[in-house]
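In the two complexes that follow, subunit A is the common piece, with subunit B as its partner first and subunit C second.
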Partner chain A sequence: MSYLGKRLVHVVLTVLGIAIINFFLLQLAPGDAADVLAGEAGTADPEYLANLRREFGLDQPMLHQLWAFLQRLFMFDFGYSYRHNMPVSTLIFERIPATLILVGSSIAMALVFGILLGVVAARTAGRLPDKLISLASLLFYATPPFWIGLMMIVVFSVKLGWTPTGGMSDIISNKTGLAYVLDVMRHLALPAITQAVFYLAIYTRLVRAGMLEVLSLEYIRVARAKGISENRIAYHHALRNAIFPLITVAGTNLGAFLGGAVLTETVFSWPGVGRLMFDAMFQRDLNLLLSILVLSSIFVVLVNLAVDLLYALINPTVELR
Partner chain B sequence: MPRLVAISRTIFSNWTLALGVLLLLAIILMALSAPYVFPGDPYDMVAPALTWPGTMPEVPLGTDSLGRDIAAGIFHGARVSLMVGFIAVCFALVIGILVGSLAGYYGGWVDDVLMRVTELFQTIPQFMLAIVIIAVLGTSIEAVVMSLGIVSWPTVARLVRSEFLILRERAFVHSCLVIGMSDLRIIFTQILPNALSSITVMSSVLMATAILMESALSFLGFGDPNVITWGTMIGMGRGQIRDAWYIIAIPGAALLITALALNLVGEGLNDALNPRLRKREV
Partner chain C sequence: MNGTNLLDIRDLRVSPRGMTETAILRGVTFSVAPGETLAVVGESGCGKSMASLAVMGLLPPGLERRSGDILFRGEPLPVDDNTAMRKVRGRRIGMVFQEPMAALNPVYTIGHQVAEVILEHEDISAAEARLRVVELLREVGLPSPDRIIDEYPHRLSGGQRQRVVIAMALACKPDLLIADEPTTALDVTVQAQIMRLLKRAQNELGIAIILITHNLGLVAQMADRVVVMYAGHKVEEASVQTLFASPQHPYTQGLLRATPRPGRRRAGGKPLEEIPGMVPAITDPPSGCRFRPRCPRATRECETVHPAVRQVGDTIVACHHPGRLEAVQ
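== the complex of A and B ==
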């Protein structure tokens, strides 16, 4: 339990650090925080701005300002977006499900296919399938994902007409139930693949290296000597130990997946948090931008905590310190 | 001279490195020759709009929706990509080496504090942080370089730290301590040179990542509006995705080749410089 306590202190410190970084980014911005909070300098009336400054204590010393900023943060008070005419927290929370669907399915896809391809590559090490898989992962690792997305739109949407070019569901048909789920999946296919390929390449390499290492160990030789089939050895005995590092890596990649969502959601007009961030950038809504950054970072911290605890549960060799 | 021969022998005995170096040299040549091969502004209209590649000898790679020469954009874009990637990596190296070497050398609470800060920067979604930094600093090429540097240094810091943790226990470091050498001299003249091969390998992969991230930023329209980059070209071609997909395809291929070249160089250098760490091939 002291392990859990330490982890929780770490989480609190990290969230505090994230808030401080954001506070200083806000200080760097032209104009003061009141201008930023009001949406955009010059659009709000002076009286309102003066009110904001008093309310947020911008006439106070820096440390007091930081304290006020932290208090608002822990109250989930991110201010009001005049561009969208609603509180920032509502605006962001409305967009979260779409992003979770996209990021979740792309992580799952990258993991499943990364593990499969990695195992195949390791079992055929040095032969043709391994060489092809390694070449493909080298290529995908070097390709800008948003460009893969655009090229898939050209092939699958424009030329073949198999998939829609963007959005999350058909607006006109107004489907419900299972038809709606299938419709969303049809819209999800290209964006999820776009997000997945880069990490698919990384995970394939990781699993391949891990499998090669594990397959050379004594217990695998013992398993072979006992006459256990090669398939069972690969997927049952070796894979278990080879994918442990992958779990932690996937956890730390979550932030990158969220960042990538800004691109993917823009390319495919997916109505999630990433697309909201893109719009906020164009509308110069700095407060909204910072709020998205803070919330995404906190989300990453919490998921990583969960991953660490899960990892400790499934891998008994991890010592809880 | 014999050293040069030895270097080129190393390069060509290793096909990954050879291919990577050749591709990279070709791209550097493109970047250097851009003002001579395509004098004039790559943003100028030179031929009828939406000319397909291979249909007009004057514009071999075709033109975009405003009649701008795509080949000129590719050449001039190579300058920006390489320069932005290079400077951003230098920026990241300076911060990362400083943080990583101090943390690894001193250990204890220095290490604790510095690594907590490093982890913090790794927790925040990198690409989102880059966007916010540009939002704060304004869309200029300097802001892009700065934001890429700020999101890239933690990787360097972690690598340098792990190298220092191992190297500082070596006998040669202990002897430096015994003869009374100052900490800073030990860090920068004794340990750092020994960590350079790993740092070099990482730098080329890091530069590929920086170039891809720059292209993503300018694709979204967050780059410097006055400079042409491959990402900008892809972003501007989005409107013609239905009838003129080559406008998007060509700069993307250029990006792919550049990042591939840098990754190959990194992998090749890794094999050449750290033969002990060579990946276990069966």
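== the complex of A and C ==
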């Protein structure tokens, strides 16, 4: 079987495993959607509860429920959210763009600035710029992101009034075109930075260490003996090799970025999937919660596959088998 | 020594940064004439590589040149000015290193890496450079150059990679090639091929070669003159014939006793002898002559007075008691 075929089988098995584990984990949680709905309706009438449960299939044996869930999953039918009165898929897909924008821009920011700062730190190792960068990355590494988020809201939104405190765009002014894009970017700045700083700190340290190691290798000395400039040595010869561990780590961080989005989207009331999941958790909308978990695991597993392929593509010493 | 030399190294001193007491090169002087091959020999750690890196202005960050001039065609080399040295490296002076397996960047093709040095120093197009690279790869004896040019280094053997490094070093037709133990990491048959390649390139391009090695067999085949180094000092310098016929310094004599020689009788010849002891640590050199703890001829004087370099016959030697030794013949 081809490498890709093997990997895809692997993807399917992983997703199946995650779906089953999540299903049972949620079963362990006390209470179900029927309890919540009944609670909100202000009644504990056993008949009403039993009706609700029958309607949701919650009265079936657990294995039946799992089987039904997997069958529907296989057909990309995620069922209905009675809480929101909407199909789960509509609910989720509506929210995906916001989360992709947030997660994508924070990863991009962490990568770009992590690489730049890491290279500068390595090239000035032991001198002032390196010391400042290393100190800053240590600070960002050690500070909880939600605290950074709250402080930035206090400073930039409340005190300085430069940025909005939350949301994704101005609801009042109905902007279009470029004005809309700029408006979204203004809203995006704080949550994206909040999400990025922790990983920015990690990536800076990773790139710095990788650059220092590569810069001490023989082929760098050979390049210098050819008369190549220090800038070209750093970016063309060294960084190109120092980037591989970063790609691996950033790939495995993707799940953590999505997890972080739950927090960031909640703090900044960003209308994404993370926020949706947070609400689903509190509202015990188990079907919605489970669907989000499974979908994001599919996403993570697929992106990891893509990262591995990318890695092999840019590293000629790796041959896919 | 005179105006016609290609390279003059005068009283070169190199120390670890910020350490005034210790030194890695303690006043090394030698010259290379155009087109000649100078061998620099000595055990590991004697400072051979650091001397050649000092010429390139590529000393490792922890080391610095304390004093001493390095002249190229009679002009001081701007070894402390990286930008100025870039025009010398790869163009006037090419360098080949000891570890071919580590000498090539794993993420770029052979062709890219050889073309890079040409494009750096000459004003030609990438397409022209590629033609030059194919030609170069053919000249250094690589099979099917127009295919291998697009290969990545990991697909090549150590010997092939060293040929690529040699192609890079010769690409801009330099005046001087510094080869720092170019065959130490290769097996014997490949060694001989690489040496023949260097010899041929020298004849065709008329370049001078500094061959750094601890293999005296190679020296006998390749070199015109020999500089022997010990613990950061030049201890002996002579033409290759003079050195092998009548080595003056006890260290040189020890090296020769430890080496099988092509010209020497096989049967009945004396067994090879290692020089007893070890090269002293640079932080803790012995007083007087650095070789004293290992020298069979050491006297009181050797303990207190460091031997100055002087002329004995056709040889330059730094020893209080130079001369022939029975066992060396």
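Rule of thumb we're sticking to: the second predicted complex is superposed on the first by the 279 of 321 C-alpha atoms of A that agree within 3 Å, B and C clash if a C-alpha of one lies under 4 Å from a C-alpha of the other, contacts with A are read in each partner's own complex, and residues count from 1 in each chain.
Quick note on the criterion: a contact is a pair of C-beta atoms (placed from the backbone, for glycine too) under 8 Å apart; a residue touches a chain by one contact, two chains touch by 3 or more.
Since this is a predicted model, take the numbers as computed values, not measurements.
After superposition onto subunit A, partners subunit B and subunit C are found to sit side by side with no clash.
Once both structures are fitted onto chain A, a short way to say it is that subunit B and subunit C open up an angle of 80° at subunit A, using Cα centres and rounding to the nearest 10.
By the touch criterion stated above, A:L91 is placed in contact with neither subunit B nor subunit C.
In the superposition on chain A, A:V300 makes contact with subunit B only, while subunit C stays out of contact range.
Contact with neither subunit B nor subunit C is seen for A:L246 once the two complexes are overlaid on the shared chain. Contacts of A:R284 after superposition: subunit B is touched, whereas subunit C is not reached. Looking at the shared chain after the overlay, A:I153 reaches subunit B, while subunit C stays out of its contact range. Note on subunit A: of its two partners subunit C and subunit B, the one contacting more of its residues is B.
Within the superposed three-chain model, A:N315 lies in touch with subunit C and out of touch with subunit B [touch as defined at top].
Of the two partner chains placed around the shared chain by superposition, subunit C is the only one that A:Y219 touches, whereas subunit B remains out of contact. Shared-chain residue A:S229: touches subunit C; no touch with subunit B.
Here subunit B and subunit C sit at a least CA-CA distance of 8 Å once the structures share a frame through chain A.
On subunit A, the surface touched by subunit B in one complex and the surface touched by subunit C in the other have no residue in common.
Per the touch definition, subunit C reaches subunit A in the complex via residues 56, 58, 82, 85-91, 94-95, 97, 99, 102-108, 116-117, 120-121, 152, 154, 165, 168-169.
In the complex of the two chains, the subunit A residues touching subunit B come out as 13-14, 17-18, 21, 25, 28-29, 125-126, 138-139, 141-144, 146-147, 150-151, 153-154, 158, 209, 212-213, 216, 252, 255-256, 258-260, 262-263, 266, 277-278, 281-282, 284, 286, 289-290, 292-293, 296-297, 300-301, 304. By the touch criterion given at the top, residues 116-117, 119-120, 122-129, 131-133, 135-137, 208, 212, 215-216, 219-222, 231, 234, 238, 241-242, 245, 248-249, 252, 255-256, 259-260, 262-264, 279-282 of subunit B touch subunit A in their complex.
The touching residues of subunit A, counted against subunit C in their complex, run 217-219, 221-230, 237, 240-241, 314-317.
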